[in-house]
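Each of the two complexes below includes chain A, the first together with chain B, the second together with chain C.
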Partner chain A sequence: MGKRVLLIEDEPNITEAIRFLLSREGYQVDTHTDGSTALEAVAARRPDMVILDVMLPNKSGYDILRELRADEATARLPVLMLTARGQRRDREMAERFGASRFMTKPFSNSEMLGSVRELLGS
Partner chain B sequence: MVPFNLLVLVSVLYVVLLFLVAFAAEKRAQQGRLGWLRSPWVYTLSLSVYATAWTFYGAVGYAARSGLEFVTIYLGPTLVMIGWWWVVRKLVRIGRSQRITSIADLISSRYGKSNLLGVIVTLMAVIGTTPYIALQLQSVTVSFAVFASQTPQGWGVPDLRSTALWVAAGLALFTILFGTRNLDANERHHGVVTAIALEAVVKLVALLAVGVFVVWGVAQGPADILDRIDASPIATWEMNGGRWVTLLFLAGAAFLTLPRMFQVLVVENSDERHLTTASWAFPLYIFLISLFVVPIAVVGLAQLPEGSNPDLFVLTIPLSFDAEGLAMLTFLGGFSSATSMVIVAAIALSTMVSNHIVMPIWLSARRGGASMSGDVRTVVLRSRRISIGAILALGYLYYVFSGGGAALAAIGLISFTGVAQVLPALLGGIFWRGATRVGAIAGLVLGFSVWAYTMFLPSFGESVLMSAQMLAEGPWGIGWLRPQALFGITGLDPLVHAVFWSMALNTGAFVLGSLMSFPDPLERLQGAQFVNVFEHSGGARGWSGRAAEAEDLLVMAQRILGPEEAQALFQAESRAQGREGYLPDVTPDFIERLERELTGSVGAATAHAMLGQIIGGSSVSVEDLMAVADETAQMLEYSSQLEAKSRELERTARQLRDANEKLTELSVQKDAFLSQISHELRTPMTSIRAFSEILMDGKGMSPAEQRRYSSIIHDETIRLTRLLDDLLDLSVLENGQVTLNCQTANLHDLLERAITATASAETGREIRIIRDEAAENVSLQTDPDRLRQVFINLISNARKYCDAPEPELRITVRRRGDELRVDFIDNGSGIPKRSQEVIFEKFSRLSDQAAAGGAGLGLAICREIMANLGGKVSYLPGQGGAAFRVILPLSCRRAQAGNRQEGP
Partner chain C sequence: MPASGLIGSRIRERRTGLGLRQSALARAVGISPAYLNLIEHNRRRIGGRLLVALARELEVEPSALTEGAEAALLAELRTAATGLPEAAAESDLAEEFAGRFPGWAALVAAQQRRIEALEQTVAALTDRLTHDPQLAASMHEVLSVVTAIRATASILAEGTEVDPEWQARFHRNLHEDSRRLAESAQALVEYLDSAGEEGGQVGVTLPQEELEQWLQARGFHVAELEGEEALSPQELVAREPALNRARTTASLAAGWLARYREDARRLPLERLRGALRRLGYAPDALARELGCDLPLVFRRLASLPEPSEAARPGLVSCDASGTLTFRKPVDGFPLPRYGAACPLWPLYQALARPMQPVRALVEQPGRTPRRFLCFALAVPAGPVSFEQVPLFASTMLILPEELAPEDPAAPLLPVGASCRICPRGDCAARREPSILTDGF
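Right, the complex of A and B next:
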């Protein structure tokens, strides 16, 4: 049984690409697009890790991350942050809020796979 | 017989004595030990410069010719001095409080510091005094000649002219030495005054001695003299009432207005209280000096040979009785009378000439150059010295050219009448506030002209300056202009005639001119200061004792410096003087220091004036007040300049603040924009990269998957391209660099083509479009491609975002003036109010769905296009659904500058 990855991302093409990539490697990939319901999605799906986009409709990825860390249940959940804004300030914010890893779009597939593997400890 | 050498020796010794006295007095004064130098007796004696050689020699001659008429010459001044309370006291007070240096200065100062008046009075004084100086030179030389003619061994009649020259040169030297030794602000000359007091004693003693000799030596006592007087022709001389009044008036006026009299009476006065002594002592002196005039005249007429010059009786009587010692004393008396007059007159005139003529010319010649005080000082002293030389030279020349023939008394009266012309302006100036500069000038000029015409010019004798014909028939035969019978009034004594007309016309012009003109502010101030001098000036003010002064000073200093600082200053001074408390002795040092401190706060003039007020040493002069006003005005101006500056600075600061805010905002906007661009570019790139890597991998992929992924890559690149196109388009539009292609187009066609274009697009739903095609049939001047771009955007937005179950878009067209309004209203839920303001901003996509297909630049581009077309696009709230209004000009006009093309 493959590890479960929850991908929270609103851009359909990117979602499709990552799902294809991870599924091919045997991970079970769930997806979610709306920021405001992201926490419920995490609680419901109980993933082994989360890939979280910063620019989400209705709620920022940073806010979601902060709330995940604040919750006992998800405080140690590996979270890979994705952002299309490659500025240093974004990386700092992600680190401050406790992102396990930070990745700037566009990324290479191998980088994405490597990060997921590492975070899932497989 | 007196040998000539002895005479010269005695004269020289006498002069040396005068030098020594003057020198000693000057030295005492310099050391500050004024003592008896300030005694009322010295002052009274110095007033005797009134009694010149004219009185010394001439009075006897006058009495011999005209009987008691000579008394008037003494009576005039006596009356003035007895009535000192009214005029002289006021003159002296004014002179002290205004620091008046001469009669010209007084007149000029009273009438608003008019230098023109100063010049006029100076010239009048010089012209009026020159004959008088000549007269003194003449008397000295003639008295020398008398001695010479008495010598049988004939040491030769000395050359009169060279004697006069030597005397003039010696007097010039003395006057320069003691009259211009230093520059005293008060123009007091202790050395000169003391020497003159000594001379006064000498002439009185000499005349008394001659009188005693005549009464008890020649005659047998007073009773005999009285008999002789009764027997002499003098007793039968009839009194001419007109002449008496005229002469009394003239003598009194001259006593006040003669430059030398003004000098000793007012300028050299060091204490007003001396007047009380002088008011009786001077008439007494005059009485004594005139006591023996009639006896001497009577005895001279009786004893001396027929044809003897009565002007020289004082000298010739002792000589004829071989009383050589007495004759010598008499000679010294006459010498004293002559020299004291010349010295004082030369000092007074040189002060006037230098202050009112030389200095103004020098100062204006080197405008703004008088930077160092030493500089001016040297020039003043030099100009005084040169003036003294020039005045004596003038007197000498007058003596030479007039031939020295006229009777002494006549010359004296001409001078008196000339200088008396100043009287109306003088008295008017100190008693009548309405007197003005114009009046003073008119009176002076007219009076002086009449004097010159009726008296001065004819005095040179017939055919010298005025022809005999002119004297007899008037100029050009105009009878009423005859110099000695003006307006056809004949039969008057020439003196009475001249005095009457000159003074009458003078006074008339003065009063009329004053009434008809208006004084300027300085003049009015000065007028008030002069007329009300007793109310303004110090002396009567009651600052009693030093402690009171110190306290007053402290009160004032506290007001200006603030209590703490002022108290500290006074306490420190007090401690330095070895005293307790806050009230130090008011020493000059302390006052100086206080003035410096106050100057820092209120300016020099104000500080000086305020201290002067309290210390009471001098009253506040008008210059002080003017300086204060100037200072205040400067301060006001300066502070208003500062205010303007600060307002300007504030404005600049506000502008800078605005600019800074704008820059900060722009910077924030720029950051946000870059961030947005980055996001918009990276998002499609991410898909492209991911799928291209997947495709490159190539393992385990169905052909359908391959096709799908390739098409995603394709779509995303198109999206990227469109984004870049939009960005460039926007940039061009925003910079106003867009090239518009203005053409005539039909609105209906434009809308038709826009709807067609949107209908073919893949995104968005079908939408029903409601139009009023008749209203759309309007032709207009515009760039059709750009306008269609706007319409397409608005219609496709409606297709994308209208959330009604059966979407509808109503397009209405209305015309307003030369504008068209095209509204696009759908039936969806519209745009929330808070978003309405931002929808036209860049990247303000309301939905984040990339499916919407744009980067959020559409409406921003629309706004820029409409601005470029001279119109506007705005959101129209309250229409049910989303509503946009496009306002279009009917003709192509540019709203933004910078475009080169204005359409076809």
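Right, the complex of A and C next:
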């Protein structure tokens, strides 16, 4: 109970739906929209996992993921990548940069919940 | 134009050169003047006895009337044969095939051209789907909104208790998103529609080809852009349906014509003609005399209005990747339409030695090898700065032997068109096997 999820996503209505969904399950959800300050947000909120969109304003989700993995403090932080393109290349990039999970938009709510539960081991 | 179409033009050229009347020549070979007129306008194919008779009356070898056309046809047949090796076409019999069944051979060649054009279209469309930023942005927008709608709608539809405040909020979001989805879907459909229309026109011929075809039809001379009363390039593009049907062609043409206009202003036709009469086709002497740079002289020489096709110099340009960016063909010097050309061309030598003029007497292979005096120079493609490494572009002027001045100092350089259809064995520059070496 009370595990913290940081959702980095710039589409407000997606954010709202996911926030509602996860909060109802008892997770504590923080949100962030800007790519360029995402790393600071992670450092400040110290979440138990991150849901990270690939297409963010000012900085790509892949770059953020790569920097998270390069930092000792966040190297093993569970990261669920969201992308609007299900191409093989995107999936491979996400895996190569160390994404824990990869999900293609539009996803179903049960898929989302299932992934979060699995990544947080709850 | 069918490959053998050139024969008629050559007959006409040779006949007028001799001062022979059409009716006199027709009588001499036993055909009606009307029929000869059709032949001369490339409306009738000829061969065999009539060709020999005409050649005799015109005091030339029959091959002089057919050579260039035949070589182009044979090259196309051989390309077609390599494209489908499993058909096991007897490429060593290509000449015999073309000679005995000219109509069928022309059909094969025309289909080969069509296949190449269609392959280009497919590549262009695939490219468009993968790399088109506008399409990618539209798709992303649609998928984002769909994601939001799906997530929100399923929260509401699950049937579990959602408190009224959240419920109202989600309904509002759904309404907002559905409107956004309608708009972005509409925009996507409009975009795909217009891309489809454009693709139908442009996909078959690339913008560069459309421009070149338009220029070809007017002998690469654009009278509207010459002199004091010149049109603006935009006006000209707006006037010419062939140039403004597709947005891509229009912008390419506007850029090319703007440079033509600028060239014409810097080196007016009459000045060039005057210097040409005194100095002949010597680009370096002309550049010195006229105070112009060499590429400008190359381009202006290639845009002189010349009534006879044989007297027209050719011109090719390439960018730093070696891709041909402009082609003004000249008879007997094949310029590949797609793919890379022969790396031995002075055009590429110049690219490897930027700012240094390169000249060579180039020999194209064939039953009767043809020689051309080529001049090339690579210069920075745009303004230079200390911040950026300059990008070079190379230009080569191709003078047929008839035009070229005696130049014993020019090194003789055997070249080809492109490896696949080049018969030269033992070539250090070869990058893929020739289909001809097997055939011979």
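Here is the rule we use: the second predicted complex is superposed on the first by the 121 of 122 C-alpha atoms of A that agree within 3 Å, B and C clash if a C-alpha of one lies under 4 Å from a C-alpha of the other, contacts with A are read in each partner's own complex, and residues count from 1 in each chain.
As a convention for this text, a contact is a pair of C-beta atoms (placed from the backbone, for glycine too) under 8 Å apart; a residue touches a chain by one contact, two chains touch by 3 or more.
This one's a predicted model, so the numbers in the text were calculated from it and none came from an experiment.
Enquirer: Does chain C touch more residues of chain A than chain B does, or is it the other way round?
Expert: Touching more residues of chain A than the other partner does is B.
Enquirer: Looking at the overlay, does A:E16 come into contact with chain B only (first), chain C only (second), both, or neither?
Expert: Both: A:E16 reaches chain B and chain C.
Enquirer: Go through the superposed model and pick first if A:L113 touches only chain B, second if only chain C, both, or neither.
Expert: It touches nothing on chain B or chain C.
Enquirer: Which holds for A:P57: it touches chain B only (first), chain C only (second), both, or neither?
Expert: In the superposed model, A:P57 contacts chain B only, not chain C.
Enquirer: Does the superposition put A:L39 against chain B (first), chain C (second), both, or neither?
Expert: Once the two structures are laid over each other on A, A:L39 reaches no partner at all.
Enquirer: In the superposed arrangement, what residues of chain A touch both chain B and chain C?
Expert: Common to the two interfaces on chain A: residues 11, 13-14, 16-18, 20-21, 24, 55, 84-85, 105-109, 112.
Enquirer: Enumerate the contact residues on chain A facing chain B in the complex.
Expert: 10-14, 16-18, 20-21, 24, 55-57, 84-87, 104-110, 112
Enquirer: For the complex, which residues does chain A have touching chain C?
Expert: 11, 13-14, 16-18, 20-21, 24, 55, 84-85, 105-109, 112
Enquirer: Over in the complex, which chain B residues touch chain A? Could you list them?
Expert: By the definition above, chain B touches chain A via 675, 678-691, 693-694, 697, 700, 712, 715-716, 847-851.
Enquirer: For chain C, which residues count as touching chain A in their complex?
Expert: 139-140, 143-152, 154-155, 158, 160, 162, 166, 169-170, 173, 176-177
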